[in-house]
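By letter and in written order, the chains are A, B, C and D; residue numbering begins at 1 in each of them.
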Amino acid sequence: MNAARVGVITFPGSLDDRDAARAVRLAGAEAVSLWHADHDLRGVDAVILPGGFSYGDYLRAGAISRFAPLMEELVPAARAGLPVLGICNGFQVLCESHLLPGALLPNAGLHFVCRDQRLRIDNADTAWTAEYTEGQEVVIPVKNRDGRYVADERTLAELEDEGRVVARYLDLNPNGSLNDIAGICNEAGNVVGLMPHPEHAVESLTGPSTDGLGFFTSLVKAGLSRAGVR
Amino acid sequence: VGEPPVDSVAVAERTPEQRQPYVELGMNEGEYRRVRDILGRRPTAAELAIYSVMWSEHCSYKSSKVHLRQFADKAPQNDALLVGMGENAGVVDVGRGLAVTFKVESHNHPSYVEPYQGAATGVGGIVRDILSMGARPVAVMDSLRFGPADAPDTQRVLPGVVAGVGGYGNSLGLPNIGGETVFDACYLQNPLVNALCIGVMRHDDIKRAIAPGPGNQVILFGATTGPDGIGGASVLASATFDEESQAKRPSVQVGDPFMEKLLIECCMELYREDLVVGIQDLGAAGVSCATTELAAAGTGGMHVVLDRVPLRDPTLRPEEILMSESQERMMAVVEPAKVERFLEICARWEIPATVIGEVTDTGRLVMTWRDEVIVDIPPGTAADEGPVYERPYAPPADLAALQADTPGRLARPANADDLRNTVLWLAGSPNLSAKTWVTSQYDRYVLGNTVLAMPEDAGVLRLDDESGLGVALSLDGNGRYARLDPYAGAQLALSEAYRNVAATGARPLAVTNCLNFGSPEDPGVMWQFARATEGLADACQALGVPVTGGNVSFYNQTETQPINPTPVIGVLGVHDDVRRRVNMAFPAEGHMLVLLGQ
Amino acid sequence: MARVVVDVMLKPEILDPQGQAIARKLPQMGFEGVTEVRQGKRFELELAGPADEAALERVRQIAGTLLANPVIETFEVRVLDE
Amino acid sequence: MARVVVDVMLKPEILDPQGQAIARKLPQMGFEGVTEVRQGKRFELELAGPADEAALERVRQIAGTLLANPVIETFEVRVLDE
């Protein structure tokens, strides 16, 4: 049986693309690198938009990458159900391209923040969180300058009512996100945006925990069960 | 207003008596005479620009050279050294076909003028140094010194410096794996910002700053050239330029980390396809430095069409182009058949690249501007044969008194309250308190290979996922010890870094250093420098670790008051398997504590 | 050749910590009487042609899709008279 | 109560990587005819009193010390008429 093929997009200024690919491999899937300027998703089963500072994030985080040629392919594919995970800068790109509601603004503390963050997984039903149990607490690094999630009241209420807050900050809100939101998903649960970096919590040697691995194995599990249905 | 006339070689020959602003450019009478002797005529404005920057203290090491020689002379035999001092950075074999290159550099003065940009471009500069050796940069460290924490100037400088180091390094995707943050009154108007970068490559990927092979093309790539950091050049233009346009020339360089990130990825692809014969980053002295050094190290000749340099400001004069310190630029020497592919890869990364010249076998560096020859020099005379000074030195007058003022003369706590206050005072002192407010602004996770970082005393990186091969690095200095005894102070800094690296389980291999001192024209400072370099060289010999490179920063002083002499020493060690590293934590209850040493 | 300015400000209901930090700092520096500070962005665009209605419409498109994020920001376009 | 705007721009000779990143992208997004983009900051200050000369002088001081970095930036102060 073939392993799931997970695409990792490299935008100019992506930084965690190779780390995301490593996490995909550690989860037992095949990492396929995707180039922002191509119009080709290379037939992958899922896509990760990695962290970084694409285009320097000079204008607004994710604002320019949203216009990448590859995004013209990704947006309809995501709307049609392709599993997509945006981590940090990837989350920002997903919001800028309206695959996810709201926006990410500069941290309330006005500094870049890098810390080992305790989180609670509040939705274990998405393509990327199926390996977790609802309410599970995990430790995963956050590292961002523009991580403050905002949305208007109606959107926030919608996210809460529909259980679309995927992860929440515990102990300390590192960036001033509304409702301590660390990650959200779309209505269908296939598109997830996450500010913390699960790809930096996949090996005990290099991360504070291995709690992040679940994001990548969830997908493999989901992918395998899909294959089983076929 | 038409273009001012070009000060060509022909004009220079016709006007031998023309007065030239060499003093304003920081050259003394003797140095200017030497240039005239070398050329057999007066230099053109462009040539004067080249010699003045290449013979500056910063580029020529004219006051420090005689002392730095000891690092080579006393260097222990060490098979691990693949490239020694003299190149952009030394290269050390770490086994399994891999090599690492690392170096520390200062950006002290610019960080006082504009803290954010000064610190940011300091990181950018050292990263390009490592990149130009053929390596992929994999981590950074920073050693910082500020005045008292509550001084207004510190409150202006410190947040900007930390944000700048973080802003640039984080945007490049380089983990920050350690450093120092120290407060002392002597740094109030002379903060120290020393940045270290380490890179990894395969042995056959090592690149040199050379331009061999007549007919090979010279390509400038990266950012366009603007009027950054050319305060000096405006004096040259003053003969031909109105005052108003001079006032426009800024001394502040602004960094573009996004461009540098693209440069890194672009260079990695260029190296992978073996498209460069020689490469050099453009740092201080920009095009002057890159062309003279590349040419001098190759077949000795190069022809450059200076008009081809892409400009951000079209009014720049040739002298200004030669002296511009615009960041994020590199120069490569490429075989003609590979130029097309080279330019293709640059275009893929959206990086401007331009062929600006060609390697020749004439032994001369020739540059034209508007079809006239404005530079015609033997490049080695600018790059390697600068002046060398044996500056006089003598112990500072107050040294004996300082040394006599021992801790024994301090009042002892007389009672429990005194003791309590002392402990509280220590706990609250900025030098001893936690530095997480600094380190939390730095990404320590990116690249996924950071095995140890803050709060550990040394950073540890994995280089190879399979075998666990890795390195440990520590960066340490102590200006107070060095002030009391520069010889022992340098050795103490080295041994602290050496111990920090060894304590993680690594085998120390090589040393880099950044020597921060006052003015070399002050005999007291020069004595501190001589003693510190001697101490460091002797200790490296005793410990069997060679100095592979470094940087000297002089003139860190406020009027006549120099900073404490501050040699900052970096030690690199190798781990055969980082999975066996040791950290600071007590792993479990019941273990025994053992004190090693005296 | 014309210069056009695009001013981008956060919507009033969005928290602006940067502006707040400045506002808090002012009294400490001896500046009283500033009740609120908000920080936004200002873009200056140089156009190859004149700033006629067609050009301004294009700038408004650039502003609405790229320079500002309508989810959190508002923008204003105006010609810079020199 | 008055609103005052402080526009802060990088000096023209200083590199503006932000503006350049935008300018390089515009043609690829189908927007031609923009020859240069520069990105600066815009501050809106709300004053407790009127925007008289004394108040504006204070704002200029604030701008020169806190809002703008005179080493690399210039600023302009103007009253927002509503």
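The criterion applied here is as follows: contacts are C-beta pairs under 8 Å (C-beta built on N, C-alpha and C of every residue); 3 or more make two chains touch, one makes a residue touch a chain.
Model, not experiment: these values are computed from the prediction.
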| item | value |
| --- | --- |
| Winner on C-beta contact pairs when A-D is weighed against A-C | A-C |
| Separation of chain A from chain B, taking each centre as the mean of its C-alpha atoms, in whole Å | 37 |
| Where chain A and chain C are represented by their mean Cα positions, the distance between them in whole Å | 30 |
| Gap in Å, rounded to a whole number, between the CA centres of chain C and chain B | 39 |
| Multi-chain contact sites of chain C, meaning residues that touch two or more partners | 66-67 |
| Multi-chain contact sites of chain A, meaning residues that touch two or more partners | 55-56, 58-59, 64, 67 |
| Sequence positions of chain B contacting 2 or more other chains | 256, 258, 350 |
| Chain-to-chain touches, reported pairwise for every pair that qualifies | A-B, A-C, A-D, B-D, C-D |
| Of chain D, residues touching chain B in the complex | 10-17, 20-21, 24, 69, 71-72 |
| Complex contact set, residues of chain B against chain A | 163, 166-167, 170-173, 256-258, 261-262, 348-350, 439-451, 462, 465, 578-579 |
| Complex interface listing, chain A residues touching chain D | 55-56, 58-59, 64, 67 |
| Residues of chain A touching chain C in the complex | 59-60, 63-64, 67, 95-96, 101-103, 105-110, 150-152, 176 |
| Contact footprint of chain D on chain C as seen in their complex | 1, 7-9, 19, 22, 25-26, 29, 31-49, 55, 58, 61-62, 65-67 |
